[in-house]
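Okay, structure first, notes after.
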Amino acid sequence: MVDLEAAGPVLRAQSIELPSWAFGNSGTRFKVFAQPGVPRDPFEKVADAATVHEFTGAAGTVALHIPWDEVDDYGKLASYAVEHGIRLGTINANVFQDDDYRLGSVTHPDPRVRRKALDHLLRCVDVMDQTGSRDLKLWFADGTNYPGQDSIRARQDRLAEALAAVYERLTGDQRLILEYKLFEPAFYSTDVPDWGTALTHCVALGDRAKVCVDTGHHAPGTNIEFIVASLLRLGKLGSFDFNSRFYADDDLIVGAADPFQLFRILFEVRCGGGFDTDSEVAFMLDQCHNIEPKIPGEIRSVMNVQEATAKAMAVDLTALDEAQRTGDVLAANGILMDAFNTDVRPMLAALREELGLQADPMAAYAASGYGERIAADRVGGAQAGWGA
Amino acid sequence: MVDLEAAGPVLRAQSIELPSWAFGNSGTRFKVFAQPGVPRDPFEKVADAATVHEFTGAAGTVALHIPWDEVDDYGKLASYAVEHGIRLGTINANVFQDDDYRLGSVTHPDPRVRRKALDHLLRCVDVMDQTGSRDLKLWFADGTNYPGQDSIRARQDRLAEALAAVYERLTGDQRLILEYKLFEPAFYSTDVPDWGTALTHCVALGDRAKVCVDTGHHAPGTNIEFIVASLLRLGKLGSFDFNSRFYADDDLIVGAADPFQLFRILFEVRCGGGFDTDSEVAFMLDQCHNIEPKIPGEIRSVMNVQEATAKAMAVDLTALDEAQRTGDVLAANGILMDAFNTDVRPMLAALREELGLQADPMAAYAASGYGERIAADRVGGAQAGWGA
Amino acid sequence: MVDLEAAGPVLRAQSIELPSWAFGNSGTRFKVFAQPGVPRDPFEKVADAATVHEFTGAAGTVALHIPWDEVDDYGKLASYAVEHGIRLGTINANVFQDDDYRLGSVTHPDPRVRRKALDHLLRCVDVMDQTGSRDLKLWFADGTNYPGQDSIRARQDRLAEALAAVYERLTGDQRLILEYKLFEPAFYSTDVPDWGTALTHCVALGDRAKVCVDTGHHAPGTNIEFIVASLLRLGKLGSFDFNSRFYADDDLIVGAADPFQLFRILFEVRCGGGFDTDSEVAFMLDQCHNIEPKIPGEIRSVMNVQEATAKAMAVDLTALDEAQRTGDVLAANGILMDAFNTDVRPMLAALREELGLQADPMAAYAASGYGERIAADRVGGAQAGWGA
Amino acid sequence: MVDLEAAGPVLRAQSIELPSWAFGNSGTRFKVFAQPGVPRDPFEKVADAATVHEFTGAAGTVALHIPWDEVDDYGKLASYAVEHGIRLGTINANVFQDDDYRLGSVTHPDPRVRRKALDHLLRCVDVMDQTGSRDLKLWFADGTNYPGQDSIRARQDRLAEALAAVYERLTGDQRLILEYKLFEPAFYSTDVPDWGTALTHCVALGDRAKVCVDTGHHAPGTNIEFIVASLLRLGKLGSFDFNSRFYADDDLIVGAADPFQLFRILFEVRCGGGFDTDSEVAFMLDQCHNIEPKIPGEIRSVMNVQEATAKAMAVDLTALDEAQRTGDVLAANGILMDAFNTDVRPMLAALREELGLQADPMAAYAASGYGERIAADRVGGAQAGWGA
């Protein structure tokens, strides 16, 4: 029943955006482990991202984090990316790494701090104008640690005010993408903790405001694909931040913790039209490679998204619809599982060769010597990012 | 700093609705334990609810569950309630206890079953017309147990269609209250799993559609008072189903598992105007007394809501606002805790005596002999409800 | 790298015990849905279990639940099983479906109730003597719903006393298997909530006391395979109750919620010697088929355990050990994933044909007409079990 | 019924150990916020701890973290403590902040790294010999992030080997205290994830090995007081790390998230003899004050433990026992709640004045000018600890 041919066009067109920060050092609050070859500036991050694309053919853009990736000349960075075969993508605004933001950024009780944060967000739109980026992705570390610490409602009002000012500043096809997260770094209340809150704000803003689903940002037991289906139904799914988690926001390699969940999510993307050619849904990785090498970690993640996509496209929709309509629970579930249980790796290998790539990106990268080269070349120098 | 006087007017006006089904037998899937004196019909449930009001003075209405509380003459039941000093309240629609509903009610893949469920909902509005109830509370057991079993999106569309038909049928100040629940009895996907889904549907319906927050229906780690504050900000908080949970939807005595959470929730109700005289927020209990006697269980719950309300009203808002604005985390938290740590029981005892009640409702009920009386009188007879 | 041949001997020898109660009606506290053809007595349950074995060749024993499966003559039931090609297996003791057990069974504060519960457990050993069963599986619904309701410590002492009395009664190679569960039906405290508690009691009892791991009985975020590895290391893993859960103790078809977790668990079984020929680890299903037909539900579960076992046996241990010892995180994880991503269904189909079975047990069962036959034959009659 | 007098002796004798690291900078992986007046060396940490004791009279010891608190002369540090009115307490070993520990410390696959970690642990016992500390507290960040990364079982064996070597090195009344934690910084498997694992190792080691319960280290839904009661029953409760959490290991002020839980835990301590004069149970705080000032944060935590202790001691055990034995669920719960709902702050204020302290430690500290003084004096200088 499973038809892998149908997946071809979607897989050939699929582009998975890489986060520049995945190539920098990262860690937990206990320790940021240094790795050899870590990029010393945004250009080297772009080079690493381009390397992932070189071996996968499916990662044609790289997202920036501002100010981690601040450069004097964004046009130059954009050209550098193009020279390396990729493009600059989403702009992520960082308003959490300044002592001023101890009690929040755009929701801070002090209007001076709010203004400072908002100014940074507006500067990020300036960057977008220069990089030609479509999406401004906003994730706020804002929240409180103790009951009573601040007014939950006042913080919502302040958030709405800041979002409106940013949205107003957008031009053309630029989009504001609002990301939600249950907890961390705030522990008692988070100002955008769930999709309901993100959706409410995006609806108030307008058509160019959409929600970002980070697969690691939910409470235990949450059915993420339900949220994906709901946001697609409402026309409000903007993008994904893919990663894996066992307990909290672990930011592991996508598909590493629960590959079946990833498949179910991508199946809902398919059902909701997210793989259609006119879809504006963006697919990004957002990971922290604390203990494993970063570039092959990203390659593996891209491959995992591809495999889950192939399986999602292999579901026999006609048979599934028939089983669902007639209430045949076991048959309907069985049709879905048939696709999941199929080994799609040979098909993806063939697809890569068809595109002039090597069949096994992990082996190809290992054989390339790139990792050894950057470990030797990139000595000294500082890196902005986690643990900065 | 704590001023208990301010709580007086709110406490005197507070009315906590009792669920008729709390007086019937209930249990878990493992066992429904029979208790002596269980009501044999809706009239006896009303009598029991009236008894709770008699000793607390704060539980003036009782909610019905249809068909569990179906009677030939609702006018007669309403009169019976009035004779016993209370009124009939919210109508809860039960569309989960029929073999036809194995795969859902209003979201069932089969249009025949959907029609049957919708007809029942419409009949519940007929009941409301007879009882003079304002609120129709809808909780759906609908969902799926297995990935692929049914289309998540199609079920949302079917749900929207049914809700629209019910909403259309409402007249006057009648309201549709939509309740969400993370899981159970469906395990894989639930059709109204969270406040985002409930809100989305209520916004689509119109002003008379509101959300019900059942305190036991969330994923672990969810900040419920954030949801309460958000719904109040959006004008969409319809009512509460109060109960306690340690892990799942345990339906224990309200305030038994986390009295501090109950206090925080009621504090957000206060901040959002939910205790104002023109507020339409309804306060209900929704509990299953599996192992403890039902009537004193309800009395204890009413008292616990009163105590938490008194504490919420005792927070010094002026001092809190000052501490919040100046970012004094410890002071702000300390102001909230001062209220929580206050023993409000003497003040509530005084209030009861002022109202002509005995100071200790639990002792007064125990001394009344009501429990022994119903145990002796209500022999045989069947009861509709849990485990029916 | 993946070598499916290695799995052959393990798969040929694998026997997955079926629970008699899976064939009876089951449900949630909201509704027990009746299904056509439900067995009316233990003999019909055995016949259904034998049918699962007929089509899978891997389910040669059936577990009983006492008193649900009480019969006058257990020898006759055992013979009936043998005539149908299977054997009677584990005896499960039910001490939770009597009004006396409202506050517990062997941990009840009243010594009379404790004695009653203990007597039932001892009677279950009598049954074992007649059925020739090796294992007595003990799961207790005991616990409390409210803080203060009973003494946590006193209940542990009472539990220890009862277990000692039962253990004392065992003879020969009979084993006491103690099962733990986080919550439900008790909500505040459970008397055997986790593997630490079960292990402590089993160590105190002696060598023939072992722990049962039910895959649905853990808190969110628990690493179940860690527990499996630990119990194997300590020589204390007695058996599995396999099933799936998304949130609580959902008792869904095994492998339906997280097939990757099932694979990881079975991989630890392999690493710990649980598939060795002299292993005493027992593999059981424990499921409630609330909405799907029971017999094909069990067939699917058996197949899912087989597939996960095949994948677990396909892991290249030599390569894995090398990658682990050298700290190559991505390679080690990749070796495990290679096995998981392999499609083992063709190999299992071949194995079945080699054993004289049809390649596709689901299709073969559907074609057999058994389901239609029992639906027609088994009319009226009562069934003991869930919702009884 | 509530008798506060009984609490007096326990409260007068109660000593709550402070962690030296609570006074240093701390934060999340997103940001470590610098605070004015942060100690520049272990002596200044001791001075801050002594200040907490000065105002509370209940925090007479301070725990060290090695190597964060390494000094040339521990005798000098111990004398410094005594001069400031306190003593040095538990030694905590830090084997997680070295690049060598990327894949673990005592469970690392490489024997060289294991040896390095063990050597550090043994050096910590040397420190104990100099400081006169009784307890060596071991928490390991060890674990894995990806399935297959390492052998779960081999890591247990390596852990057992290291623990045995450390235990062997202890002399006199020195104790090895093993702490467990569900997750973080390892995300897939943690080598000591739960009390079952910690207990198993401690039993294997011997009488001077005990378990530490950190109140923030459990899965959602875990009944912590059950674990406390169980460890006391088994004679294996060594110490507490008190703090609060809403979702993960938030390390908030103790009692801030769930004061009722803290009360229940301390009630089990009382029932299990943990407040008896010959009890060896140690009470420690383990918190990270990311956004609030550290010294008043610690003062508040000490007060919160005192208040919960007072309430735990106020429970009428005789009445409770009677209610429990007769199965009166509501009465038993009510007796516990009576104590919890009592306002014990006046009693504690009187107790402080009796001891020559000011009634309100928070106000007294604020009025002392200590905070302003250290902010002015402690300029520049580096601090070892979180984010180091």
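Which chain is which? They are A, B, C and D, in the order written, and residues in each are numbered from 1.
The rule is short, and it goes like this: a contact is a pair of C-beta atoms (placed from the backbone, for glycine too) under 8 Å apart; a residue touches a chain by one contact, two chains touch by 3 or more.
Everything quoted here is computed from the prediction, not taken from an experiment.
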Graph distance between chain B and chain D, where chains that touch are linked: 1
Pair exhibiting more inter-chain C-beta contacts, B-C or C-D: C-D
Length of the line joining the C-alpha centres of chain B and chain C, rounded to whole Å: 38
Chain C and chain D: spacing of chain centres that average the CA atoms, whole Å: 39
Touching two or more other chains - residue numbers and ranges from chain A: 103, 145-147, 182-183, 188, 220-221, 223, 246-247, 253, 256, 260, 291-292, 329-330, 333-334
Residues of chain A defined as touching chain B within the complex: 103, 109-110, 145-154, 156-157, 182-183, 188-190, 193-197, 199-200, 218-223, 225-227, 229-230, 232-234, 260, 264, 268, 271-272, 315, 320-321, 324-327, 329-330, 332-337
Residue numbers on chain A that touch chain C, as the complex places them: 220-221, 223, 246-247, 253, 256, 258-261, 291-293, 296-297, 300, 307, 329-330, 333-334, 340-343, 345, 362
Interface residues, chain A side, partner chain D - complex: 27-31, 33-34, 96-97, 99, 101-103, 141, 145-147, 182-185, 187-188, 220, 245-248, 250, 252-253, 256-257, 290-292, 386-387
